[in-house]
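Note that subunit A is present in both complexes that follow, paired respectively with subunit B and with subunit C.
Then we have the complex of A and B:
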């Protein structure tokens, strides 16, 4: 097995180079970001509600940052070492970091954040840091993670949006779930929280004591909350706001904005999020307990039509449960290609073989198709699905319910036949992919896990191997074997990888610099 | 004094209303013949403007025929509007008649109940009902009927109270007719005129409620309706004006037509207005 060791010297060089290249940038400017909807609080350490970290990732730092190939880069940790057995991870912290209240960062802050906060109260952290038994602090700037089983995916979850490092002397006071600073975050990041005017904006001002010398370049970030979609578009169009992502701008409006000289659109910055649009089958009940029927539906879905007409081109057909964003890191596999030219014929043949002949009206059977209650796009996707299924003789009726009802139907009562769904692959397949297909994730009442209730000993074993393997090659092999098996069984039809467009003003440069896009800290962002 | 027919059909506004409503009715009744395909079927390129070959009124964001949607939407919209109005009239009439006829404590209880429903903002109430019951054609009918019956009950109550004091009712009482016989045989037939007028206008309101609910995404998801077409086209107002405009005009004209007919009925049925 290979161990990763990055020398402090190498990292210092890399940092020096990037800083040197950026020194020429001008100071100043206010960047206005649109976040939709308004976050419920500013406590990313206990809540994973999406909008929160779009704000707080500028206030907190993580131990690491990542490049577009999802490789770890130094942040609070200037170097790190993973032992050969994967059971010990040593982080060497920077010594020049101070929190916004002037207190220096120490290894105790790291221990407190990981062990007392994220591992206990963070919805995803509970799983991510499950294997961490202790964080040792031999000196004030060394933190050693002790694990009882290897967890290579942990190294992908240490950026500021996912695992923000908190000042222990502030957040250790009282109950972390109802902390007094939940809406007034204090971190070590490039921007200091100043004000939150509810329903309007959050104001973040430049951190003059930021540990990256010279950064940030911006004087201020204002995060605005605008409930009406067309107003968001208009505000961007007029240059009153400079950046919006995550579908905050309706897709058809993005096309129009893109044509303006003052605006550019990028789909980068979602490589660690990797949203996948899918259709889940209830594999425990007829007719979708039959693998051939599930495959037939998989063939029937016109993926390109959905991409072009519902998401206006912002997507690519999915090739399995794992997003192609993982292809550079090797944790990827390709399954059956369901988009072949003669797919409708294949689907019809499969249904004939499965014993579902067409009746006099050309109907094989009738089903109810539940639609993800996330708004218009999903309703259109459902309507297309109904049309696609009609082509192979399945008459589907749409059902559209509110979110709690739909979640209970899909993940608690399993009272559905076919439902569209939306899952994020996150930073590593262990975190984002296993939950949809592993047998230990069939958890009634827990949302966004294995709702199809399909699993197989073979695929479970492959995922278990990939979870603990410490070298990339072993994990790669496991996923290459896993994906074809999953697409063959088709418990889920993986329809498309959504490529969220981020709308950006050309006034600013170096805004989207990491695979977490608008969850980045904007330390290097500057005016053109 | 002119006959009802002369007063009703001689009114040019009524005539216009009847012509448009007839068109809508024909579309609703013969939707399967006029547009044989599923109105949700993807039949052409998305966003074809009106007048494109094969698509008189263009296509929507998924390439569905807007005209076919209007024709099938007429069926859904009218069916839901008429059924909910019939249900509201039946319920409102019974309640209003009992309250007006018996008076006293019965009147008090029934009218407080009616007022209770009247104090709830009706459109919000309809939204809540559909959200609770889950959107379907049946539940839309229920929701619209539940928010529409109170005015009927009040109109009927007032009419019953007026008619109750007339001599022919007293004669029926003296003749020994039962309460129900008097109420439904003698009194109610004499309250029909205002009921017909209110009911016809209520169909127009029901169309508006149904469209508004569908616009908000609370319509029956499997059935094409005018409100659904507007709701689905709303985001494309700047790119494809016809998706919202065409169904909007159809709703406007239909509601206007029903109002014209309703007012025509009112004029024709009200003897005091007869020769004005």
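Then we have the complex of A and C:
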């Protein structure tokens, strides 16, 4: 079977017309975005800290963009071809792209970005591009990726937030990890970096030489940083800012803002991010070395109550490690349903069988429950979990520490019993899911990998198969077999798929146009 | 030779501050090592995960693979040449980051000091003047209330009332980021943005100074020199203005000097509420990121600020009360 994609530049034009509507959009306007927290730097090629790409995805372009079904769309690459064996990927680049300093983009820029930067220094790129042995540049606008093993997930990691294409003549000078342009990005995207006043804002101005003719419509984007959550709400309410996502607005305030005429709320634009709220167990120490105990906790958690009361309805119960956002692309599997009506009885029975009887006070055993230090809702979630556990005779005490302490406890010292956790599925299960359960990801000192330290040869084999399979059907089979096995072993209790609300001013149209939402480039965004 | 003696005094005081600042740096350096977790795990954590090679490489770049005393010696050595190091998290030299934040901090501190001192002194004077009347009670009770109210709450209420409901002032920030004014328009715009944070930060100190001024005025008024002055035939107004007021100011000025340190600390909250780009927020962020180079730089700068302000206070002493000698 040959997977062959060939798309003409005309398609890009058609997309532009259909997204923007047939009539000409008025140019002008400043869109103010709130990003929380302030990014540490503007170097998305060496740091994947979330806030960075919320800014830089407007400055850089990627080889591809994606539609809401996670299918690749042309961007810098106007067409591409993946060979049948998955070992060769050819990208044909647009010839009319110039960087913000006026230099034309060539295949050498692509080679440099992939081989010398992302594959070497990007925290996720090291894994994503591991199989790429060379990028060949037969002419100035053709780039051929040579792989030593197929990597189907690679085709989903080429948008500007994940794999921004850099101008080699600038970023090849000096050490890429401490580069002089780390805070003054230069790309080919629709907006040009103008100024970053730390603690205040980043200003991006319209790129008049953008390769999409007539775009962008906006004159300017200003990204503001506001540390206090109540102030962020007030700023949006006053119309001093126009968009905020990723939990920047407290969930209880989102409902209130939604009622205003000037504001709308959407949960679209996270389909390629797919955050999952979970609880991970330390499977190497009692009592959670016992599979029945882990299952009992899994049954005890009242998922719908957590969704309704902590995340104000912005979520759906998780059915396993893989988000249901992958259902359309066929990479989804459904595990054991822990939300059955008699779940508390089942949990109590499991704990009795596991040999943890209740004492005179009705307590089976006591544990400490660590809380992900990401803010107030995580504390609420912990409090509810403590109550849920009390129903099955487990007395839990909450422990709330700051991020570095919690990371060291969970992923370096493994000095925990059970902790809440927050992992993104990202664009493909290979990138976002395997790391949490594969044996080769039990890596002390590396964060957000397999912290439960559980694995099995059978599940490892299924994931290995899904990593290299070039056809979607094989991958789907592997994941459909994998998910029930993982939920049965329950090294992690997958609680809910978070549906982040994005708060948007009704003044602007076509802001969220891709599955990466506010990581999009706003090229089509215009004033109503 | 008064000028020469003041110059010598300042020089001597500056030399004395060097061991103080060195002590601050060393103690802070060692204290920070006690905090669990490090910059590499935070950077990897923000990235949502990273390979072990990447994390090991980060640690080596930060110099964290070196023994502790080597790290400290390196840092002290760099400090001697005013090299505050590099913030790996923010990909910028620490000195640049600090200087960017210094002027908003000084602006907010300066206006707060001016407003709280002048209003505090005025209210204290009035309360002392109207002592034991309902006006005195009103001022005193208000002062206690303001003193007891948490800063962040005052800030949020001011935003809700004056920005959201009345729309008199912007909710936050230092200037209008849609308009980007230039020249005098910009000055006016920044002043407009400065009002609410200044008021918020001032109310606490204002209350403190008013209470202190009132007590100090009443105490001075009962002293023997006032009786002497009156016996000399001076009018009450003259006594108050020339003698009592000057002497009563001394404790207030002392307190204002001591409070500069806490003013920096208090501004963390106000800066967060009003998104003011000052040093306080930078310190807060860098602590939670374990960005020690940056944090040590902030401590260093704060220590210098406090020392300088206290030196100024001592000089003001001499002007207020010539009996105090420069030694």
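We take it that the second predicted complex is superposed on the first by the 510 of 528 C-alpha atoms of A that agree within 3 Å, B and C clash if a C-alpha of one lies under 4 Å from a C-alpha of the other, contacts with A are read in each partner's own complex, and residues count from 1 in each chain.
Simple rule for what comes next: a residue touches a chain if its C-beta (ideal position, glycine included) is under 8 Å from a C-beta of that chain, and two chains touch if they have at least 3 such contacts.
Because the structure is predicted, anything quoted here is derived from the model rather than measured.
Undergrad: Please work out whether A:55 is in contact with subunit B alone, subunit C alone, both, or neither, and reply first, second, both or neither.
TA: Neither: A:55 stays clear of subunit B and subunit C.
Undergrad: Which partner does A:40 contact after superposing on A: first (subunit B), second (subunit C), both, neither?
TA: second
Undergrad: Looking at the overlay, what does A:256 touch: subunit B (first), subunit C (second), both, or neither?
TA: Touch status of A:256: first partner only.
Undergrad: Count the residues of subunit A touched by subunit B and by subunit C, then name the partner with the higher count.
TA: Touching more residues of subunit A than the other partner does is C.
Undergrad: Taking the superposition as given, does A:397 touch the first partner, subunit B, the second, subunit C, both, or neither?
TA: In the superposition, A:397 touches subunit B alone.
Undergrad: Is A:82 touching the first partner subunit B, the second partner subunit C, both, or neither of them?
TA: neither
Undergrad: Could you give the residue numbers on subunit A that contact subunit B in one complex and subunit C in the other?
TA: The answer is residues 402, 405 of subunit A.
Undergrad: Please output the residues of subunit A touching subunit C within their complex, sorted ascending.
TA: Subunit A reaches subunit C through residues 30, 32, 37-38, 40-41, 43, 47-50, 121, 123-124, 126-127, 177-179, 182-183, 197-201, 203, 222, 224-228, 230-231, 234-235, 237-238, 240, 402-409, 411-412, 423-424, 435, 443, 445-449.
Undergrad: If we count contacts the way the header does, which residues on subunit C are in touch with subunit A in the complex?
TA: Where subunit C meets subunit A, its residues are 35-38, 41-55, 61, 86, 88-92, 97, 100-101, 104, 152, 156, 159-160, 163-164, 167, 170-174, 177-178, 180, 271-278, 281-282, 284-285, 288-290.
Undergrad: Of all residues in subunit B, which touch subunit A in the complex?
TA: The touching residues are 38, 40-42, 46, 61-63, 131, 134-135, 217, 221-222, 232, 235-236, 238-239.
Undergrad: Show me the residue ranges of subunit A that touch subunit B in the complex, using the header's touch definition.
TA: Contacts found on subunit A: 229, 250, 252, 256, 305, 309-310, 371, 376, 379-380, 382-384, 386-387, 390, 397-402, 405.
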